Structures are given as C-alpha cells and as structure tokens.
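Common to both upcoming complexes is chain A, partnered first by chain B, then by chain C.
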Partner chain A sequence: MIDRRIYVLGAAQVSVQEPLSSSWLDHPVPLEGGYLRARDPQWRDYLSALQLRRMGPILRRAMVTSQAALDGAVPEAIMTGTGLGCIEHTEQFLTDLCTGGEEMLSPAGFMQSTHNTVGSLVAIQTRNHGYNCTYSQGSLSFESALLDAFVQLRLGKIHSALVGGHDETTPKTYQVVAHTCLSEGTVPVTEGSAALYLSDSPDREPLCALTGMGIVRGADPAEFLPHLEKAARPDVIFAGRCGRRDVDAWYNAVLEAYPGVPVLDYKQLFGEFFSVSALGIYAAATCLSQGKLPVAPACGTEVAELRKILFINHYEGAFASYAVFEKPCGD
Partner chain B sequence: MEDRILITGAGILCPIGLGKDEVCRRLVAGRGGIGPVRFLDTVHRNYPCGEVPFSDGQMKEMLSVPEGKTVPRTALMGALALREALEDAGLGRDMLPRVAFVSGTTVGGMDVTEKHYPEYLAGTGPVGDIPLHDCRSCSELTASFAGSFGMITTVSTACSSAANAIILGRNLIRAGLFDVVVAGGSESLTRYHFNGFRSLMILDERPCRPFDATRAGLNLGEGAAYLVLERESAARQRGAGACAVLSGCGNACDAYHQTASSPDGEGAFRAMKAALEEAGLEPSAISYINAHGTGTPNNDVSESAAMHRLFGEDLPPVSSTKSFTGHTTSASGSIESVICLLAMEKGFLPVNLGWTTPFEGGVIPVTPGTPGRELRHVLCNAFAFGGNDSSLLYSKL
Partner chain C sequence: MEELIAQLKGKIIEALNLVDLTPEDIDADAPLFGEGLGLDSIDALELILLMEKNYGIRLKNPAEGKEVFKSVRVMAEYIAAHRTK
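On to the complex of A and B.
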C-alpha cells in the first residue's frame, strides 16, 4: 500500500453545541439533564421548502453538515456511519404496524427507514454517482465509515471522500437507550451529525492530516495499547469518558500509558449517542486547525504546541478504535 | 504483480437449502424454493415467500442454542452459513483473531423487536430486548458462534449490503490490514419489511418472473451466505484450496430516487463497468451475469437498459436466481455470489424460472433450453434502495 497522505479539508457539525460553528471552543454550551436534542440551525437558510417537507431531523442535519464540510467540492466517494439510521421513520412504521395492523400501512415511514437513506440522500441531492456505502456498527459506526475511506484513499482507489456520522435520538429511542445504557452521573443522551471532507491532496488549506487509524480488539487495555505504538507522543488525547464507571475504567487504564498528556473528554461537549465519535473526530480536526483546545469544562489545559491528537474510542463489546490526527508536515 | 484475492471458502443457507451441495442440486434441477408462508407471522398469506426451510427452534438445535435464549433469526441463519464457510476454508478457531468479519444486514433483529414492540408501546414489556437487536448486535452474535474475530463491522446498504461487505473485505486485504476476511450477509424475513415492501406495492402474489413481460413484483426471501476472501500468497502459505478469484468490484450510486431505479440504469451501468475495469476485462469476456433481477417492473427495465448499454450486441447469458430464492434483500449479494461460484465450478448456467415472454427492451434470460458454456468470468449484481448499486466479478483460477 502506497503511503499516501490523507488530509481533512473540511469538517462541520450539528449537535447540542451551536450548529455549524466552532464556538464550542470558546463558549461551550453546558450540558444539563439526561436527554438533549440537537440545536438545529435555521433550516430555511439551508434547505428548500420541498426538502424540509420530506426530510426528518437526521436527513436535514446530514445534508447541511455535508454541504458545509464539502464547501462546493465534489467527493469521489461518500461513506456514512449511523447506529440507528432514520429511527424516527422506523419507529413510525413499526408503531403503525403494531397498533393498526398489517392492512392500512403507508409506505412513507418504510421508504426512509433503511440505514443507507442518509448516505444515498446526500448522493441524490448532490447528484453524486461515486462509491457510496453505509455502516451500522453501534459506537464504531463512524469509524467503520472512516476506515473504508482511509483504506481506499491509501490504496489510491479514490482521491477524496465525504465521511459522515449521523444519528437522531427520538424520545422513544431515549427511553430504550436510557434503560440499558445510561447510569447515574453520565453525560446526557444526545444526538447529532458531523461530516468530514477528506482528500489525498491539500487543494485547500487542510485542517489536519489523518495519519493512522484502526478498529481492533481492545476491550482489554493491554490488548489495545500495542496498536497505539505508532501514535507515540500525542500532545493531547481525545477520550470518550462519559461518567459510566465501566466505560471510564477502560479509558483510565489506557491513559495510564500516557502520563502527563492532557485529555479532552469530548462527550462532555457533545453527549452520548452511537455516532458521537464523529463529533469527537470533528473536534480533533477543528482543534488542530485552530491550534487550541476548548476551555473548561471539557479540558482547560494549555498545550504549548498542538501538533498531534490521538483519538480513542471504546464503549462496549470487544472492539475499540483509534485515530491519529496531525498538523500537516512542512508547515 | 499484485496478489490476487482468492475465494477459499463459502457457506450458504437459503430457501433452496443449507450448504453448497444442496443449493447446487436444486439449481441444476430447476427446483425453486418459493412457496406459501410457513414461519412468517403475517395475515397476508396470499404472497409467496422464499423462506429458509427451518424454524428458529430447529436452527437453535443445529447450533446447540438453548431453546429459551433469544437469538434473532438473522443471527441464526448467519451462524449456520458462517460455519460452513469457515469449515470449507479450513479456518480454525485459533486463526480467527487474525481474520476480519464483515457482515451485511439491514433489518437485523427486527423479528425480535417487532414481537416486543407492542408491549413496549403499552409500557408493559421488557424494553431491554429492543436495543439488543440492532445491526451490530446481529453481526457480533453471528460471529460469536464461530469464535473471536480480529475485527467486526456491519455494512447496511439495504439490498446491496452483502455485496458491499465483500468489497470492503477485498479492500481491507488489499490495504494489508488482513490476509483473510469473511464477508457476506444475513437477513431474515420480518413483518416489518414484508409489510414495507407490500405497502410499496412491489410484491407479486404469484411466484416472481424476473424479466418477463407479465412480471408484477418480487417475492421476499431470506437467508445468509459468507465468502472467505484470502490473499493468494497467504492461501498458498497455509495450503488452502480456492474455487475462484474475486477479480473486480464496482460500487456506484444511481443518485436518482430513494426507492426507484433510473430508467437508463446509470448506477447499475457504472457499477458493472467499474468491476470490468478493475479486472482489466472487456465486456465480451463475461460469460454469465447473475442479475439483480427482482421481478419488479422498474428494476428489470433499469437493469436491462444498463446491460444493453454496457454489452451492446454481445450480451452474455443472464438470469435472476431470485426466481429460486426470492429476494433475500441484504443477503442477496453473497447468496448470489455463492450461486455464481457453484455455476462456475460445476459448469452450468442457472436458469431464470418463470420466464416465458420478453418485454420491449428487456433481456432474454437463461431458460432450460439455453445451450451451456464454460463460465470463465461472471458478474453478480446487487442493487438497493437509495441507488446503492454494486457488481462483483468472479473469475476461474
């Protein structure tokens, strides 16, 4: 495999922070409560009346974050990660089926309920015939999409890609997630979208370079750490501690191998949902681009020079992910 | 020269049987697996389906799962197909930590969710069962029957999920991350998507007739299949046999409509063309196409247009084996890949059941009278909602 450079040329988010903005760096919105919906932009500024009528929250957010990250560029491929896809539509069709029976069903909810609705909608709206794929792998959904792009960019099969992580959390979904995944003292259950535009050439000023990543067996920190050897000496580590004891214990054990390295707990900024790692990675790219870390409550640590960020993610199950972002060399 | 990607194992469970041997016999004999519903809990008994011929209980017994344990049908079928694939490739449990598992599914464990959802809506049920059955959980549960893989991920591009899983698997090997990847998909019938397809009015009340003038829709099917993809040098080193080469892959987006295909088959055309280009082959080199061929008026027009555009006068024999299995949705890409491999290995052309009358612009598919030929290079198409169209090209060793 030729070691092609991979640059992040664009990144955008809609989440519980100010939408389509990096104001969370200086003025983070504090997160309170157990469940928070995203702060949406003024949709009419971005989408037509027809689009608004047809699209639920996840599709609207996917559209605007994709457009903002691309900023007019046309990607050769679109990779999408989502834990539950258009769950609002899925719940609607399932509720109709369970309450009204099998006779009088409208296809509207079903048509948008497949996970690939999000990624294919972006392609339909932008008339993009390129490679298009969607992953649904719980808390590693976004990294699965990113790995697909990473591998194809490295191989030179593609030269640019739009990679998105999108999830919507309806009240019903929250009830289910809260039942199994939330315990006292955790960050709130939230929702959101983030999109990155990756390219193997710095056609415009890159935010940073993606220099390595992987999805590996890593429930045991001792199993995970050897994979990070190439990520030696990060200036800061972006971690997914969320206040759940079992989750945080894994991070604490991994972080022991990095004494003195500041840690940014990105879920303190963005909350918890399946594809929140997309927000963490968006934040890493944004911090490198702006050369600074957010103020408290999330980190508050001064770093002399911000050149390299190690991102790590493990929520449950046997697998964990890592990604390394660096200031591009030679600048 | 770059290492080739070999197919060193395959496993299949579909409406025409468990295992490659049985599936092959049924294909050669022209005995389809579409019939009245036996297991799916639906009031619409008038729609034939392609069901895997085992109840959940029977599959649990085959897998030594305690009867009381909740395991989605998608995972049960997946585990049985995976078992055959690993045995076929001679991959032991000890090797799995160095092997990736890429599975395609869309409805995942919806069969379990939809059973509990009414209780959940009424506030009386065990909510805990619901989140356990997303796509990821099904893949991990399927994999857990075999052992501990080095990586697991789930592709969810509706009816092309398994095909795209195979493409990712191929790229993971090319990129040097793994020497072996087990890729494919699994999908059970559920009330959810059965009623979804019915509400879209694309289910036929008769056995489906892909590419026929009288076709009136698809029959839903279910099943699972996995291929073992392996770097040639790694296969040689461990002395593994292979049945074929994965010589090209194409993935393109039709970018036309969420649930309809474009009239000119742009996505399908691009996907097949990309697979040919990757393999460095001219269209005339293709000896058989296993079409997506759902039997809906829309798909068969669009896919025929794409095939005519790409192959012109040299259209190779085409058939849709969905006439045997029904549309096995997320698993169709891998189920039909295994069918292609069997056809290549045993040297037969799978027929297109139910076809009698051509339609204008439509391909004339393989029927029992079509003369046989040696199959050197075959294309396998899988298209999906959202226009996620993929095509896989398999070649003889």
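On to the complex of A and C.
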C-alpha cells in the first residue's frame, strides 16, 4: 500500500456538548442522568424551511456537521457510519404499519426509514455523484466507514472523503436498545453526529494527520497490542471506557502497556451511543489542532506537547479498533 | 364549506409538517403546487393519503389529482362531493 499522508481538513459535531463548537475543551457540559438528547443548533440558521420539514434529527445533524466539516469543499466519496440510521422515521413508519393495517403509509416515513438515507441526503446536498457507502456495524460503524476512506485514500483510489458518524436515540430506542446493546455504565446514553473531511492533500490548514488505523477481530488485548506498533509513545490515549466493569476491563488491560500515558475517556464528554466513536475521533482531531486537552472531568492532565493521539475502541468483545492521529507539522 | 376548508388547512399543515405555517397563513384559493405553498410530488402522495385516511376518498387516477389539488378550496369542494366518511 502506498504510504500517502492523510489529513483531516475539517471536523464538526452536534452532540450533548455545545453544537458546532469546541467549547467542550474549556467548558464541558456536565452529563447528568441516564439518557440525554443532543443540544441542537438553531436549525433555521443552516437549513431552509423546506429542508427542515422532511428531516428528522439525525438528518439535520448530519447535514450541518457535514457542511461545517466540508466548508464548501466537494468530497470525492462519502462514507457514513450509523448504528441505527433514521430510527425516528423507522419508528413512525412501523407504528403506522401496525396501526394502519399495512395500508396508507406515509411516503416520507418510508423513504427516510433506511440506514443509508443519511449518506444519500448528504450526497444530494453536496452534489456528490461518487462513491457512497453506509456501514452499520454496531459500535464499530464509524470506524468501518473511516477504514474504507483510509484504505481508498492510501491506495490513491480517491483523494478526498467525507466520513460521518451519526445516530439519534429516541425515547423508545433508549427503552428498547439501550439496556441490551449499549453499555449500562456510568455515562448516559446519548446521541449525536460528527463529520470529518479527509484528504491526501493539505489544501487548507489540516487539523491533524491520520497516520494509521485498523479493525482487529478478536478481543484479547494481548492479540490487539501488536497492532499498535505505529502508535508507539502516544502523548495521550482516547479510550471508550464507560464505567461498566466488563467493558472497561478490556481498556484497562490495553492501557497497562502504556504506563504513565494520560487517558481521555471521551464518553465522559459525549455519552454512549453506537457511533459515539466518531465524536471521540472528532475530539482527537480537535485536540491536536488546538494543542490542548479538555479540562476535568474528562482528562485534566497536562501534556507538555500534544503531537500524537492513540484512539482505541472495542465492540461486544468481538472486534476492536485503533486509530493514530498526529500533528501534521513537519510534512 | 368554510368549516371544512379550515379543518383541511389544519390537516395539511400536520400531514406535510409545515411547521412554520398556521391555517390563517394559507390562502384557500392559492395554488398548492409550484407557487403558493410550493409543494412537490412527495407532498402530492401525502395529500392522496390524507384524503383517503380522513375522508375515505381514494384517488385512482393521477391526472385527477392535478385538478383536485389545485387549491385548498378546490380540494374541499371535491371532498364535500365525494367523501364517504
């Protein structure tokens, strides 16, 4: 594989933190309770009334984060990661299906009840006719999308990509899914969107460079660690610990190989949902760009110079992922 | 008829999620498509559904819809003449 440099040129989020802002670095919104909805921006500032009336929360958030990350650029490819897709419209459609005797179903509900509605709409809005793929792989949905972009950029098959992680958690979803598929840890179940614009060329000032990543089958930390060779001596590790003992045990076992390296538990900032790793990776890119880590309670550790971040995640004890981000200076 | 028009405006706002509008904002004689409310083909499907759900009217001929959905008043007149519930 050609060792092309891959840059993160733009990144944006809508989550339980202040939307479309990096104020969480200095003034993180404390997360309280078991279930929190995202803090949405004033939609009218970003989307027309016509767009708004058909879009559910996930579509609105995907649209504004994508627009903010792209900042006018048109990507060659769009990769989307989502655990449940447009679940609000799906719920509405299924409810209509049950109550209406499988007749008289709303076309808008039907059209927008699929996982790939998000990626399709982003493509329409950005006038993108290129590669478009949606990954729905539980808590590795976003990394699956990012890996697709990473490999294609490395191979030179594409030169830019918009990669997003988007999920909405409705009250019904929270009741049904949160206690079965998501961790019942100490962080609340939340929702959110993050979009990253990647390119093999630093056309504009990059936030950071993505220098390595992978998804590893098997959850044994001893088998996972050899894959992290490229991440030797990270300045900080972004981990997905959530306060549930069996989940955190895996992270703790991996972290033992990095004594003294500060750890940022990004779920303390953004909560828990299927594609929250997109927020963790957005946070890593933002921290490298701004040269600082968030204040307590997420990390609170001073790092002399922030040059390299290792991101780790695992899913259901079956798959694990890693990504390495570095400051782009010196290219 | 005016009562039916007022009711229909409310149902259109709800079915099409026209969150910015109140029934008073909709001119009963203004075109629903193109100008006026600026509705599109997906809205036309939603209106067909609205007619069937609320008034028991099934539009079988798409060309008929073009006439029926000219304005809220034309819709209301059609409903008054053909409703089964």
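One rule holds in what follows: the second predicted complex is superposed on the first by the 320 of 331 C-alpha atoms of A that agree within 3 Å, B and C clash if a C-alpha of one lies under 4 Å from a C-alpha of the other, contacts with A are read in each partner's own complex, and residues count from 1 in each chain.
By our rule, a residue touches a chain if its C-beta (ideal position, glycine included) is under 8 Å from a C-beta of that chain, and two chains touch if they have at least 3 such contacts.
Predicted model, so just to flag it, every value in this text is computed and none were measured.
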Checklist entry - When the two structures are overlaid on chain A, which partner does A:169 contact: first (chain B), second (chain C), both, or neither? => result neither
Next on the checklist: With both complexes overlaid on chain A, does A:66 touch chain B (first), chain C (second), both or neither?
Outcome noted: neither
Next on the checklist: A:15 in the overlay: touching chain B, chain C, both, or neither? Say first, second, both or neither.
Outcome noted: neither
Next on the checklist: Quick check on the superposed pair: does A:313 touch chain B, chain C, both, or neither? Answer first, second, both or neither.
Outcome noted: neither
Checklist entry - A:120 contacts which: chain B (first), chain C (second), both, neither? => result first
Next on the checklist: If we overlay the two complexes on their shared chain A, which of chain B and chain C does A:275 touch? Say first, second, both or neither.
Outcome noted: neither
Checklist entry - A:199 contacts which: chain B (first), chain C (second), both, neither? => result neither
Checklist entry - Which partner does A:106 reach: the first (chain B), the second (chain C), both, or neither? => result both
Checklist outcome for this item: Larger residue footprint on chain A, choosing between chain B and chain C, goes to B
Next on the checklist: Counting contacts the way the document defines them, which residues of chain A are shared by the two interfaces, the one with chain B and the one with chain C?
Outcome noted: 105-107, 111
Checklist entry - So in the complex, which bits of chain A are touching chain B? => result 1, 78, 82-85, 93-95, 97-99, 101-103, 105-107, 110-117, 119-121, 123-124, 126-138, 140-141, 144, 147-148, 151-152, 154-155, 157, 175-177, 179-181, 214-217, 317-319
Checklist entry - Contact residues on chain B for chain A in the complex? => result 42-44, 97, 106, 113-114, 117-118, 120-121, 127-128, 130-132, 134-137, 139-140, 148, 150-158, 164, 167-168, 171-172, 174-177, 191-193, 195-196, 198-200, 251-259, 266-267, 270, 384-388
Checklist outcome for this item: Seen from chain A, its contact residues with chain C in the complex are 49-50, 52-54, 100, 104-108, 111
Checklist outcome for this item: Interface with chain A, chain C side, in the complex: residues 16-20, 38, 42, 45-46, 49, 52-53
